[in-house]
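Heads up, the next two complexes both have chain A, just with different partners, chain B and then chain C.
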Partner chain A sequence: MSDRVAVVGVGAVPPRPLSVDRSYRELGFESATRAYGDAGVTHQDIESFISVCEDFHEGTSITDEYTPDQLGAVLRPVHTIAGDGLQGVAAAVMLIRTGIADLVAVEAHCKTSNILTHEQVLAMALDPTYERALRVTPHFVAGMEMRRYLHETGSPEDAVAMVVVKNRRHALGNPVAAYGGILSPDDVLASATVCEPLRELEISPNSDGAVVLVLASEEAARRTPKPVWIRGVGWASGSPWLAGRSWGQASYAGVAAEMAYRMAGITQPDREIRFAEIDDTYAYKELQHLEAAQLAPRADVTRMVMEGDTRRDGRLPVNPSGGSLGMGYCFDATALYRTAEAVRQIRGEAGRAQVAQATTGLVVSWRGIPTQSGGALVLSAD
Partner chain B sequence: MKRKPSRRVAVIGAGLSLFMRRALDTGKELAYYAASQALQTAGIRLKDIQAVVMATAPDAFDGVHMKGEWLLDGAGGVGKPYLRAYVGGGSGVFSIISGWMMVASGVFDLVLVVAEEKMSSCQPHPQGAFLTIFDHIIERPLGPNLLWIFSLEQQRYMAAYGIRNEDIALVSVKNKHNALAHPAAQVAAQLTVKDILDSDVVAWPVHRLMVSPISDGAAAVVLASEQVARRLSDRPIWIQGVGWCLDTSYWGNRDLAYPRYVEKAAWMAYEMAGVTEPRKQIHVAEPYDPFAYKELHHLEGLQLADRGQAPEDLARGRFDRTGELPSCPSGGLMGVGNPIAAAGLMKVCELFWQLRREAGARQVPGNPERGVAQAWGDLMQIGTVAVLGVR
Partner chain C sequence: MARTRAKPAIARAQAPPYVPLRGHPLNEEEFRGQVGSTAWAPRLEYAWDAGVAISRFLDGLRQGKIYGVRCRRCGRTVTPPRAFCELDFKPMDEWVELLDTGTINTFSICYVTWDMKPLRVPQIPAVIEIDGTSPRVGFLHLVGGVRGRTVTEIRRQVRAGLPVRAVWKPPAKREGAITDILYFEPVRKRTKK
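After this line comes the complex of A and B, so read on.
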């Protein structure tokens, strides 16, 4: 039996800041319906289901209780990964490779509009004894991290602003992206300072959304119309302590990408990866993640971004979908949005957002402040 | 689930902390303790471990968002692929299923599985954390708690089969007695049915001594691929089958007399393990017993007793440690304690020790060759099952 796994179905609702007309279960149902239809299967064909969710985001303890019905997964093998979307994908890949399931669905959703004060929820992720007493907001941690990154690399703040300019512009070509816009770096730098040097426009806006992916074994994938192959998957965590953090670089993404490349047999990522959908929860993160994923040496990242190499028509398009800055940030579902967009690119279905020769793509994810956990996924047309 | 897994996975080490009402150690420290013991018995070091699985129940116990991230250094996850698999109370047994996937996929050769729970940080009482598990529109306005809904389930079970509360109290007697031989046990005792039924009614028909206690604790196991297991261990215990099944969220629409999700999970695991006649082929069982009636309920779901007949089997000693099918020889959650996720993995540890004949005073007689561990959780909704064996 082959160990190859493919993404064969993608379903998502457009991320929006509000979704007053639908509950998270309805968002999940809609995404599942689309994904199963896209794969040409029904919920009865899916053999196992994985949901990705966190209690405090839902306001419900043991929130995995509320996952089966909307996926058509009642009385079926369902489990939850309280983690990143790509950890959910990794769990599905491993489940398929064991040989006991041919078709597995992965679901993640975000109903941020139900949360009154997300920053206070995030502050609850800090260690109650040593860290919460400092009363710092999550954006403050991001500001410190950005400061350290700029200090270590000597990058100008313009490079970070350019990421925002690029991704917001890319979003204009993506019909489901809510935050498309034409900005200049000066517009970004003129936006309010949240935690020096972090600016308001450099933070992805929170959005409601839901994504379902259908993954399949090679045998099952061959029977579906549009398989996109998962050549490699990796994920990793760094220290959970603020004090033990690698402030200047995304160490977790380095380990995750290495694992994914090893599985994919990729030795020269900067040549073999044709485009990337990379976490840009904060604009500077895109730069950190590019470096960690070995798509550019540290010294070149700034130049690449400033010279337009990472634009849709550049040498290495990054976030042609608009990324989280252009589409909205959906907590742990963000990684599945990035994956869904990468799949659309490889299938050649990205319309005005389409990248030329999008044969092999990389997805990099991050769980957000205060974690140092993230994943990497290499997707390919064959 | 049609096909058999192509790669085999073994348990080669197990570790357990003491279970207690209020540990002075933090959750991270408890996890560290159990994980270290598991690594030590496997004869390996943390640097040999390629990935880590964490199981821990609701974040509300600790009041920490993304609790899995917070706990990761105690479990040895720093710098490694680390995964928190989560199915409520079923997480303890699911953690080994998740670890099994990691190794059976061929992606990793050595995986550390850690389950931790520190319920005592939740003040004034961890039941408070469970007030938020209910549907926020339909159920929460009624103010239900776990004791309340499980007493409903017990009543339904008793009514459907004409079972008396005395029959169910026997589970507490057996398990608390079994736990006397367990060095990590929190609530071991020699009691009678009368003692159980004389204890306070917490939600009729559930008496205080028919409920497992609030506990802090941790458990851990090391999983290895076949090749690595044979090199590192002369007595690996093999994971022969795994199964899990989640029922609808709308528990009010279900017949609570029988856990059909446990049955489906059990058959998934049995088929994988090649078990066709569970009552003959399973030699020792560790069904989930957070409430006394649940052990009986689960023995029926696991196909180890006829529906409604488990109480009778129990009364004639079939499930005693020296009986025909020893059930909860560890002392279970009723005797050893119930740090939720850790309690599920404790059952897997018990099978590991029983099958290696290392269980000391708890050792079941004969030569047990195959055992089953099971946990249950969410809204009386999920069954997680693992079948372990000596070959």
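After this line comes the complex of A and C, so read on.
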């Protein structure tokens, strides 16, 4: 039996800052319908279902119990990953490689617009006895990470601004992206300071959305029209202590990427990876993740971004979809949006956002502040 | 067959002499003072988008109507409505206006509030199969209009299979919520046709 696993179906609704017309169940139903149709399967063919969600984001306890209906999973095997989207993908890979299922659906959604006190929800993620008592906006964690990154690397703030400029411009080529725009680095640097050095335009706008992926064993994938192969998957978490973390670099992403590369047999990531869809919840994160995934040595990251190497037509296109800065940040669903966009690239279905020779792509995810958790996924055409 | 007698691994210790415990149970104030702890009162507020199906359902309640939806594939009519059939995984086919009468599927008699405070007059949550829906498709609400407060008194009047009818708020006070129906009361006399 083959150990190979493929993404055979993707379905998503366009992320939008509001989605008052439909409930999360209705968004999920549309995404699942699209994903199953994309894979050429029915809900009855899917043998196991995984939901990536967190109670605090939903305002419902045991929120996964509300998942089965919209996936066609009533009285079927369902479980939840309360974590990063790529941890959900990893769970699906394990279900398939252990022979438990040949077809698995992974779902994530977010209704960020329904959370009226978002900062309070974020604050609940800080240690209650030690960190929360200071009563500082949780965005400070990002401000401090960015400060240390700039300090250690000597990167100018222009490089961070350039990530925003690039991703917003990329979003113009992606018909489902909500935040396309032509900006200059000065526009970004002139936007309001949130937690200095972090500026308003360097923070991905919260969005509502829903994504469903269908994963398959090699045997099942051969019966579907457009399989994209998962060559490697990895995930890792650092220590939660704010005081003792490696602020200047995304260590979790480094470990996750190494794990994925080892599985994929990739020894020279900067040559073998042709494009990347990587977490850019905050613009500086894209720079940190590029370094962590060994796509560029620390000393070269700034130059690469400033010289346009990471643009869609550059040597290593990064977030050709527009990333979260260009499409919106979808909490638990973000990693699955990045994965769905990477799959479209490898299939050659990205339209105006298409990267030339997008044969092998990398997805890097981050679970968001204040976490030190993330994942990596290597996808390939064969 | 030879048998060896198991030896006790350790000699049994003598029971300690009985000494009554001193003091009294810690109350909330003492507990906070004695044990290292921090408090945090979260302010978590949400406003959930009800969506296509539930929005129309709530609008119906405001007008004193119970709406359901029908799936032509499985033939079920269900309420509260949903946009898609969870069994057939397809959009629902049509809206139907239902009666505001039904039958109790199951119920309980609750002598505590939702946050576990004692209640002298119990709440009676019930699953009510609204007339016109398919069997086993319930509608969670309360049973009211029942005399007495003891289990015996209530069980005399409420049972699984009992026909009930919605008691609505006056139209001016309805707000498009499930609470626009105050409760379901037993139908005591059925008019003979």
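The rule we apply is simple: the second predicted complex is superposed on the first by the 382 of 382 C-alpha atoms of A that agree within 3 Å, B and C clash if a C-alpha of one lies under 4 Å from a C-alpha of the other, contacts with A are read in each partner's own complex, and residues count from 1 in each chain.
To be clear about the criterion, a contact is a pair of C-beta atoms (placed from the backbone, for glycine too) under 8 Å apart; a residue touches a chain by one contact, two chains touch by 3 or more.
Just so it is clear, the model here is predicted, and its values are computed rather than measured.
Touch criterion met: A:Ala133 reaches chain C, while chain B stays clear of it.
Of the two partner chains, both chain B and chain C are touched by A:Pro68. Within the superposed three-chain model, A:Arg315 lies out of touch with both chain B and chain C [touch as defined at top]. In the superposition on chain A, no contact is made by A:Arg222 with either chain B or chain C. Judged by the touch definition given at the top, the superposed model places A:Arg22 against chain C, while chain B stays out of reach. Once the two complexes are laid over each other on the shared chain, residue contacts for A:Val121 go to chain B and to chain C alike. Of the two partner chains, chain B is the only one that A:Pro240 touches; chain C does not reach it. Within the superposed three-chain model, A:Arg271 lies out of touch with both chain B and chain C [touch as defined at top]. Annotation for chain A, partner touching more residues between chain B and chain C: B. Once chain A of one complex is fitted onto chain A of the other, the partner contacts of A:His151 are absent, as it touches neither chain B nor chain C.
For the contact definition in use here, the residues of chain A common to its chain B contact set and its chain C contact set are 56, 59, 68-69, 74, 121, 124, 128.
Residues of chain B that touch chain A in their complex: 1, 3-7, 57-60, 62-73, 77-89, 94, 97-98, 100-102, 104-107, 129-130, 132-133, 135-136, 243-250, 260-261, 264-265, 268, 272, 377-379, 381-382.
Only residues 19-26, 29, 32-33, 42-43, 56, 59, 68-70, 72, 74, 111, 113-117, 120-121, 123-124, 128-129, 132-133 of chain A touch chain C when the two sit together in their complex. In the complex of the two chains, the chain A residues touching chain B come out as 1, 3, 47-48, 54-56, 59-62, 64-69, 73-83, 87, 90-91, 93-101, 121-122, 124-125, 127-128, 234-241, 251, 255-256, 259, 263, 367, 370-371, 373. Only residues 38, 40, 42-54, 82-84, 86-87, 89 of chain C touch chain A when the two sit together in their complex.
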